[in-house]
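Notes follow once the structure below has been shown.
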Amino acid sequence: MTAKTSPMGWNSWDCWGAAVTEETVRANADYMAEFLKPFGWEYIVVDIQWYEPSADSHNYHPFTDLDMDEYARLLPAVNRFPSAAGGAGFAPLAEYVHSLGLKFGIHIMRGIPRQAVHRNAKILGTDRTAREIADPSSICFWNSDMYGVNPSKPGAKEYYDSLMALYASWGVDFIKCDDIAREMPRCEAELRLLSDAVKNCGREIVLSLSPGPALPEKAELYKETANMWRITDDFWDDWRLLYDMFRRAETWCIHSGPGHWPDADMLPVGPIRQVYGRDNRTRFTEDEQKTMMTLWSVFRSPLMIGGDMPGFDRFTLELLTNRGILGMHKNARHAHPVWRRKNGASEWILWAAENAEGGHYLALFNAGEEDGELTVPLADAEIEGNALLTELWSGEESEGDLVKVFLPKHGAAAWRVG
Amino acid sequence: MTAKTSPMGWNSWDCWGAAVTEETVRANADYMAEFLKPFGWEYIVVDIQWYEPSADSHNYHPFTDLDMDEYARLLPAVNRFPSAAGGAGFAPLAEYVHSLGLKFGIHIMRGIPRQAVHRNAKILGTDRTAREIADPSSICFWNSDMYGVNPSKPGAKEYYDSLMALYASWGVDFIKCDDIAREMPRCEAELRLLSDAVKNCGREIVLSLSPGPALPEKAELYKETANMWRITDDFWDDWRLLYDMFRRAETWCIHSGPGHWPDADMLPVGPIRQVYGRDNRTRFTEDEQKTMMTLWSVFRSPLMIGGDMPGFDRFTLELLTNRGILGMHKNARHAHPVWRRKNGASEWILWAAENAEGGHYLALFNAGEEDGELTVPLADAEIEGNALLTELWSGEESEGDLVKVFLPKHGAAAWRVG
Amino acid sequence: MTAKTSPMGWNSWDCWGAAVTEETVRANADYMAEFLKPFGWEYIVVDIQWYEPSADSHNYHPFTDLDMDEYARLLPAVNRFPSAAGGAGFAPLAEYVHSLGLKFGIHIMRGIPRQAVHRNAKILGTDRTAREIADPSSICFWNSDMYGVNPSKPGAKEYYDSLMALYASWGVDFIKCDDIAREMPRCEAELRLLSDAVKNCGREIVLSLSPGPALPEKAELYKETANMWRITDDFWDDWRLLYDMFRRAETWCIHSGPGHWPDADMLPVGPIRQVYGRDNRTRFTEDEQKTMMTLWSVFRSPLMIGGDMPGFDRFTLELLTNRGILGMHKNARHAHPVWRRKNGASEWILWAAENAEGGHYLALFNAGEEDGELTVPLADAEIEGNALLTELWSGEESEGDLVKVFLPKHGAAAWRVG
Amino acid sequence: MTAKTSPMGWNSWDCWGAAVTEETVRANADYMAEFLKPFGWEYIVVDIQWYEPSADSHNYHPFTDLDMDEYARLLPAVNRFPSAAGGAGFAPLAEYVHSLGLKFGIHIMRGIPRQAVHRNAKILGTDRTAREIADPSSICFWNSDMYGVNPSKPGAKEYYDSLMALYASWGVDFIKCDDIAREMPRCEAELRLLSDAVKNCGREIVLSLSPGPALPEKAELYKETANMWRITDDFWDDWRLLYDMFRRAETWCIHSGPGHWPDADMLPVGPIRQVYGRDNRTRFTEDEQKTMMTLWSVFRSPLMIGGDMPGFDRFTLELLTNRGILGMHKNARHAHPVWRRKNGASEWILWAAENAEGGHYLALFNAGEEDGELTVPLADAEIEGNALLTELWSGEESEGDLVKVFLPKHGAAAWRVG
């Protein structure tokens, strides 16, 4: 089963936008292999515009020229990914990542390049052309590179199959397809074409769908076709977005499980927005970062690091290597919110989950605007009698039928119970 | 804690509408005490219009005269409830029900009788009058008996307190308040007044809110103020309503827990609509009834029998006394849908839950329109390796890492696992 | 034809709210007869709650006792209307108004008094009762006096007929029925019952519908059943409401004509809110009052004076007795907006109409927030060549193929052309 | 003033779709000059895709190659318009049309050709390129030829100016711009750019906006920027579309006037859909065609013939050359619906207008599903006393204070009054 556990990795977007280079990817892969791999982190994902020679920030360049083969398939820009020279594509970079014991992923956009359509490129293995399969009114509203593919046209399936054949030949392990997750029901048939191409390409590849928010009424479609899908628009280091994630997680928690993971988006930790200056770091407080890791983990969202790892400080590294929290991310089952208590500026949120190794997990969040102390009976989460309790961030152990904790505003605690 | 487990009982509505009599209530209480009490059934609830001498069916009589005391408090109609004579109210009937080891409940309408307002009755223990606390534009759209109460008026709190004092003095254990659950946010303050009156009356009383559908965005309000609330409009013996309940249960399952139970409404089983003829029986097939009991139980909805119990046949009695299913109703935790697979006329739905006594529960539904066989790996529900499996309806035991079952259309199976 | 021209009169609401008395009505009738009748003003209308002894302001008293006959028909409160003593009703007051050469009108609420329903009053000339014809869920949301009538019930028609028979016997010439105009389509059948009762009562009575805003998609219904209907919620002396009326008039202008007049509501001029103090006067500037009279007149809205007439100053009296403006109110045909030009803080609006006596009318409004001058070619309104022009407020005459005018902000001018 | 009267002409769409040829245009121009010009018809308009060599029907060919100059300006396809050879554009054809005493018009699409963008064409007279001014997410949803232009980009104004300079040099008198009228408010700034380019090009050109329905709340914008705009999606020979036009005309009638004409779309009369076979003719009955001409004329919609004129039969020619109806189209003022009376299968609609030459017009429609007779007092339209009446279709004259007429279902009559 692909993505039996919720994927953990790094993605280049938060730190490098569309402008990531091979050098940076290799540096991050090296760091992950040395410091994070032992904790379960494994994917190294190159985000959007790797085929654009002129990419330089988080912004897109309308109608810019893209590197492409004769069959409408985009290729890494050699000026940014030198090992792709000579038509090698991402094979050398993937091989390097694999050599570190990690996995390699790329971002793609739904559809076929507009430049291929207007040049009328051929579709591999067919006598069809890009003009015949492109849907002229199916466009992405924030990026001008692609037209959607009309799934009912002869050649459409062959096009998506030809893409996945190329990516499989490179050794790609993870594909984040963009401009698709929230485009439902309009793009449902195109999603099925993509999904089938991934499943049938002969290589195990995780399929991740963006952007969010995905549509709750299409949950079963996402579960059938993909391994993870974004439940939010781009997530950044802003408390309002983090606060909003409690609501999103509440909606989606029942749909988390082996092979299909609602995705709360990247973790903007440590050095982010590096493309604009090396001094940029996350604006989240340490408490907010703990809240984020606790919520993502109890709800088993994929964990994709957004920061440039070689620049991590000690706090960030510890945040991402807490064995208790990562154990919860692995072993929580049936997680769901128990209650949410709002009273003026105070707001507390309790989540509970079964622990696959026995016992339970509790996660408590101070989502309000003031520090405070709270006592929560275990019975709230239907845990009877006394239990052994281990707080995961501090490691503190206790015994009893309740938890009592002081939490600063925007802070969190989590316990392994019993 | 009130309603620590999900309530189980009988309600007079499905079989007798507004026209239930003391004789019938006693007969049902006798039956429950003898045949159902050992399985956990305990509440005997008199539904709407017990204060109306002229009630004769499921229909309401606009502006009909109601029995009422001088303080705007409705009293049982003595022609229908003879033991209420002499101002005794429901005390004698409650005492009888208690004598059988059961509990006694009544239905009330939100607000204050319109007849009390137009006669300008006094509010007990105050110098306020009904006119002063009634909200002239807060009415029920399907029953003409009451005006809503304006919670900001002096006397409003005292009125609700006086109601609960009377009901507590009668020995009432369960109150189903109608015209309130779906009237949010308009009636939020009135709900809080009601809830506080119940909590402070000195007797443990379960508070149940009707009608549905309740508003998902108000889940925390219902959890704070009530013990159960209807997630659907009136549920009857029609497959379309039962099919629709899967969607409702999916929305509400994360909010089930000790003291607060989303309520899928009464079970229209056995002899219903008796007020129109003794030959009327549920139109649900036996498979549909099993589906209903399985879904209500895994999701821990309150179980309120709608049929006239003395007329039960063997199937109905067994349906309601299956120890495996009722064990799931008691011990399921964190229940949620795992997947829902629709393909043409075929549709299968899988639910999973933790078992508080160890292991798990699985429930599988054939919600499609054709019979079929299905194999489900336990891994779908994140249950690893081999396990002992007991199918709850048949009692059949097996061992393995999957369940394989033939289900007729609209049928269900459920397993205790491990 | 009833209301062949757009009605002109006085209504007690703006100055006296629910608390108007016979003395005040007589004083206003006297004033109108002396100063306004020669200009076409003729209706004297007693607004809401004349049947309520305790009325004292613009506020309503929930559930207060009303004067009523045995057939559920409300009667004037004798403490406020002494001539109604002895069951005379409004006959003596109507007779007085008629003696002055004026016409008499009253306000009614849709439906039947709640107190009649709860006392179960009889319906005149039938063996039906108020309970049988009242619709228990049809209420007014801002006044607690009435229930709607269920038009399909036997006795409903007879009830409305009995009302109109009584009003006709009093000599009523004008009925403003409230809680009906915007209650469409819910109250369409009840409106038809009311309309038929008015048409068949044997006396010519103007039927006016409130409150607004009426629904544009029901224009033909209003035209068939009533003589005027409110196109706005209550209009008061606030520029924002006046500004908004341009949009409303644009929507409704095509529906003005003999017998059916979209109604922009009362003119809050001179002394208004007198019930709270004799010093209260309209907050509209003089320019705004001219804008109001110009717009109401070109669009032929009914003109109902809201101020207490005996307290009029010279400006107010002249405002309401400008023969040019009132001529436009009588003779404008096919009026409609020509254009509306908004540019920053400047906004000009041009209306045109045919003059039934030959030639045309033009009305120009400075609806912006700054004073300004504008030249408008007559060709904008499809008036060819040179024409004689008379500005109606100033009486100034000119000749040419354009109008050129300075208007202060919120001001207006109007011309008779050719 | 451009389009001082409501434009009358012929458009190639209804008969030839995207596939019209020069030969056909000339044949229609010849016919118009001989038979229709004396009645006021004057525009000959070449509809969409004249720049597409491969056009063959009403369907569009995604991504097909278009004839274009080096500055992103489309040119007539020489295989279809031979006189355009050698870069002459439409100048020779326009010259021919002018030689007949008629005017020449063309259809354009909002924006800049996608092929120009992907080839990165230059913008005339600037150092800007098509890529710099195209808006990559502004597309037409039913035709793949163009991108919208981003009005805020340097070069955008110059591009639209360069288009109009070219069209003016050809002798174009009428431009129908498509993919713009209903694209508000999204395309408001682009519309202003277009409008300014037309107004400043040095030649008087009528600007017509498509497709509909235009947005009523943007009426003043259309009036400021264009001479006519479509109030409906494509209109064809189907009674339901014609019936629906009464509602649209009611909404828009107040906005008709010199220079600005709400447009009810082409008249599908005589031979239409000729591209699919010479036998195709309008499916409208003769009565429906009279209803259409009557409504379009009283409301002064532009009149654009959709049928292939050389194939006209006698009825069609007479339909379009009735001097009484065309007189109403020229002289009606302030037209508006008077009432609309629906009763079961019967529905009658009355319109009235002033006659600029004195007196009035009345138009009566039997919009119901049964034949019938009706008497209408002139007073309904505020015409007092007796008048001379001339029915425009029959020429019958009468005198009196009413009209009495038998009309077949879907039929119409119209009178000049007084």
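As written, the chain order gives the labels A, B, C and D, with residue 1 at the start of each chain.
Following the convention adopted for this analysis, contacts are C-beta pairs under 8 Å (C-beta built on N, C-alpha and C of every residue); 3 or more make two chains touch, one makes a residue touch a chain.
Quick caveat, the model's predicted, so the values are computed rather than measured.
Looking at the partners of subunit A and subunit D together, they share no chain.
Between the contact lists of subunit C and subunit D, the overlap is empty. Most remote chain with respect to subunit D, judged by CA-atom centres, is B.
Subunit B and subunit C have Cα centroids separated by 53 Å.
Subunit B and subunit D have centres, each the mean of its CA atoms, that are 64 Å apart. Centre-to-centre separation between subunit A and subunit B, using Cα means, comes to 42 Å. Multi-chain contact residues of subunit D (touching two or more other chains): none found. Interchain contacts close the chains into one ring where each touches exactly two others, per the touch definition above. Contact annotation for chain pairs lists A-B, A-D, B-C, C-D, with touch applied as defined. Across the complex, subunit D is touched by residues 1, 220, 223-224, 250, 253-254, 257-258, 333-342, 352-354, 356, 379-382, 384 of subunit C.
Subunit B meets subunit C in the complex at residues 62-63, 114-115, 117-120, 131, 134, 136-137, 139-144.
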